[in-house]
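So, here's a batch of structures to check.
Next come two complexes, and both contain chain A; in the first it sits with chain B, in the second with chain C.
What follows is the complex of A and B.
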């Protein structure tokens, strides 16, 4: 391999569990509800699916007909080997997604544990390149902490995955979760489930909802920064996953302006919000807005840091980003940072 | 006046009514409820006020003690004469604000009419520089159309003011309002009232809420563009008021990207969203994020148009922007556009 070659660290890969695969990791009565009562998680989104394979690329359906992301061998062939990944961080598919359940929280907590065991056995311990996310039930704080204590010290678990939803994670009520993360050298990964972006309602079309996902990311970053999470937990890092990346300069400028005017309200903030962002927040690029080289360079300059962006494919989703096509050509040093070094520097457990 | 001098067209000035001033324009029983039952509009916001004069600059309190924005002579002295305004567009203060009332819609409709008459008599017909906004009750579509028919042809009414809230103005249900606007050469002005930006809830601090106002602006622009308002009403223009301006490139890039992927869902869109934005949407600058000259120029370049931004002071609010200090130095041609010509080109009724 030439010295200039960059091997990809992919910060967003969606492996998917099927209900039948998770049964062996579930205790009763939860197993019974799935196996005999045919329970499946509720779905909210009213829209048509974006592609002929639903939310996935049509060519990622496993050749035997199973759903995209369910088969390690096929993912190795189609993604990890084909693109020569150095590392990939698993972020799970949505169904079942314990963190997005509203109600029946014992089931959600049990599902999170089962999911983590299934993930460790079938993915993390089967491929050296793959690292994982600790799943928790977002509505059971103390259960979440127990789960972090149970699996968080696994050497291949790099982050705790929290949903971007109507939960205000900056609230001190949730800070014990961040304390547990620091204890286990885990970062926070945040990914939206199905946030009702229009004041708790669905907008009229999928294209509106999908456009406004970035506003959901802006909300939680704002909430966590101004509520002092990053001042209280200086070793904590936050990876914002799958919201695109062009919103960053706007939010930095806006927060800094508000900080100048209103910091009397949040006296625990000792750094400008943009500095907190640069120090402790990273952003995966997908779904990458399509910029010219000049636009991309001016945007990174506006961020004031080339250490924030981390490339992600979002495999196997319908709007997958190709590492050779999604971003414009760029300076080799910047490219090495975005495609590999920024993520390596961010996750303490990555080699 | 030298040829190079630019006289300001100020696109956001808040005049304020007091309950006692509006009584003469109200019919019974509404007058009775205010005068004898001491009705005042409900308030929602739980936060401390940002400044010692509440939401206003301390020095804008009228010398006789009345609230900021209530007195034309004092506003002339402190704002219009002092800065030598060419024109100013009135956008009202929030209390009472018929468009933000939830419930008792007959009262809200009556208040909107009374407010318009008070505004015409006491402001628009008393100062040649001042232009006005038609107020309507956002929850009474047919009443709103009647009110536009009643006062919309006044030569100094330049726009209909709609609240940025949880209403999806792109919904075809509201399109008759835009039809009435086109008929009277009125643009739409959109200003947030107190949108519950965190999924219908208040975030924990005012600084969070005020930061996230820009996401409320992004939501309604997204909703109106993708629901085809600007394709259906090609003469309609939308002025986004008081959300700052650095969000524009992000939203353009994001919407264009989504349009490339998902336009099958909105086949009525014949132009790229960024093109619709450039053709029919304008944005007032206040509260201006504080950018360097280089950052400002790169941002305007990213917008792909120097015709979008329109300067506003937001007098007499606490975060008022001074025309000599809020924006960085810029090229004189660009400055003339932002401080005067863009607004003149946008509002058909401005000379």
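What follows is the complex of A and C.
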């Protein structure tokens, strides 16, 4: 391999579980509720994803007909081998997302544990390139910490995954979870599930919702920073996954301006919000807004750091970004950072 | 003049498409519901997705008023398997959301039951 060649560290890959696959990892009575009572996780949105094949790329169905993201061998062939990934971080997230459940927290906690065991056995321990996310039910805080203690020390678990929905994770109630993350060198990965982006409600059309996902990401970053999470846990990092990246300078400027005026209310912030962002928050690129080279380089300059962006494909979902086509050409040093080094520097457990 | 049989007319039913090769180029051969054949490069102009993995379908018309769905142009629109971008088969492969972009096309003729792409 030439020294100029960059092997991709992909910060958002969705493996997919079928409920029947995790039954063996579930205790009763939860197994019964899925197997015999046909429980499925709640969904909120009134629309489908109006692409060719719903949430997935139409060409990611496993050749034997199984759903996209369910088969490691096909993921290796279509993604990891084809693009020569160095590492990939599994994020699952959509289904199940135990921390998004609005009740029945006993089921959510059991589901998170089962999912983690399934993920470790079927993915993390079967491909050296794949790293994982610890699923928790954050509403059952003590149960969540227990789960982090149980699987967080696994060498291939790099982050704890929290959904972006209608919950403000900066609330002090959740801080013990962040403490447990710090203890195990785990970062926080946040990926939206189905945030009600219109003032807590749903817009009429999917295109409205999908356009405004970035606002849900902005809200949670603002919440985490001003609630002092990053001052309280200086070794904690937050990876914001799948909200695009053009919102970053706007939010930095806005938070800094507000901080200059209203710092009095949040005296625990010892750094400018933009500095906290640069120190402890990273952002995956997908779904990449289509910028020219000039626009892209200007945007990175506006961020004041070339260490924030981390490339992600979002495979196998329909709004997948191709590593060779999604971003404009850029300086080789910047490219190396975005496609590999920034993620390696962010996750303590990535080699 | 370079030319090549890319498939038989019987290989594609109206409203369907298939991939083939024209020299080293990957070609998407489409057949609209009226039986006509068209050929484009089998690669989305956006991020390079293989279009044969997408679908031929219709469009929700551009003449639509807010709140009004009218499904038409059935069998005349290629949709990309990844991001769903729509290309108008009968209008030079132009993208519905941005007609300035179009799929590179190939000349095509039918001889007996051969579908022939040529330069």
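We take it that the second predicted complex is superposed on the first by the 350 of 351 C-alpha atoms of A that agree within 3 Å, B and C clash if a C-alpha of one lies under 4 Å from a C-alpha of the other, contacts with A are read in each partner's own complex, and residues count from 1 in each chain.
Just so we're on the same page, a residue touches a chain if its C-beta (ideal position, glycine included) is under 8 Å from a C-beta of that chain, and two chains touch if they have at least 3 such contacts.
On a predicted model such as this, the values are computed, not experimentally measured, just so you know.
Chemist: Once the structures are superposed on A, label A:59 by its partner contacts, choosing first (chain B), second (chain C), both or neither.
Modeler: Touch partner of A:59: chain C, not chain B.
Chemist: Report for A:12: first if it touches chain B alone, second if chain C alone, otherwise both or neither.
Modeler: In the superposition, A:12 touches no partner, neither chain B nor chain C.
Chemist: Of the partners chain B and chain C, which touch A:48 in the superposed model: first, second, both, neither?
Modeler: first
Chemist: On chain A, which partner touches more residues: chain B or chain C?
Modeler: With both complexes superposed on chain A, more residues of chain A are touched by B.
Chemist: Under the stated touch criterion, which partner chain does A:242 make contact with: chain B (first), chain C (second), both, or neither?
Modeler: Touch status of A:242: no partner.
Chemist: For A:127, select first, second, both or neither according to whether it touches chain B, chain C, the two together, or no partner.
Modeler: neither
Chemist: Mind working out whether A:319 is in touch with chain B, chain C, both or neither, as first, second, both or neither?
Modeler: Both partners, chain B and chain C.
Chemist: Can you list the residues of chain A that meet both chain B and chain C?
Modeler: 50, 319
Chemist: Where on chain A does chain C make contact in their complex?
Modeler: 50-53, 57-59, 318-322, 324-326
Chemist: Considering only the defined contacts, which chain C positions touch chain A in the complex?
Modeler: Touching chain A: residues 46-50, 53-55, 79-84 of chain C.
Chemist: Which stretch or stretches of chain B touch chain A in the complex?
Modeler: 47-48, 50, 165-166, 168, 170-171, 195-201, 203-208, 210-212, 214-215, 218-219, 222-223, 226-227, 244, 246-247, 249-251, 253-263, 265-266, 287-291, 295, 298-299, 301-302, 319
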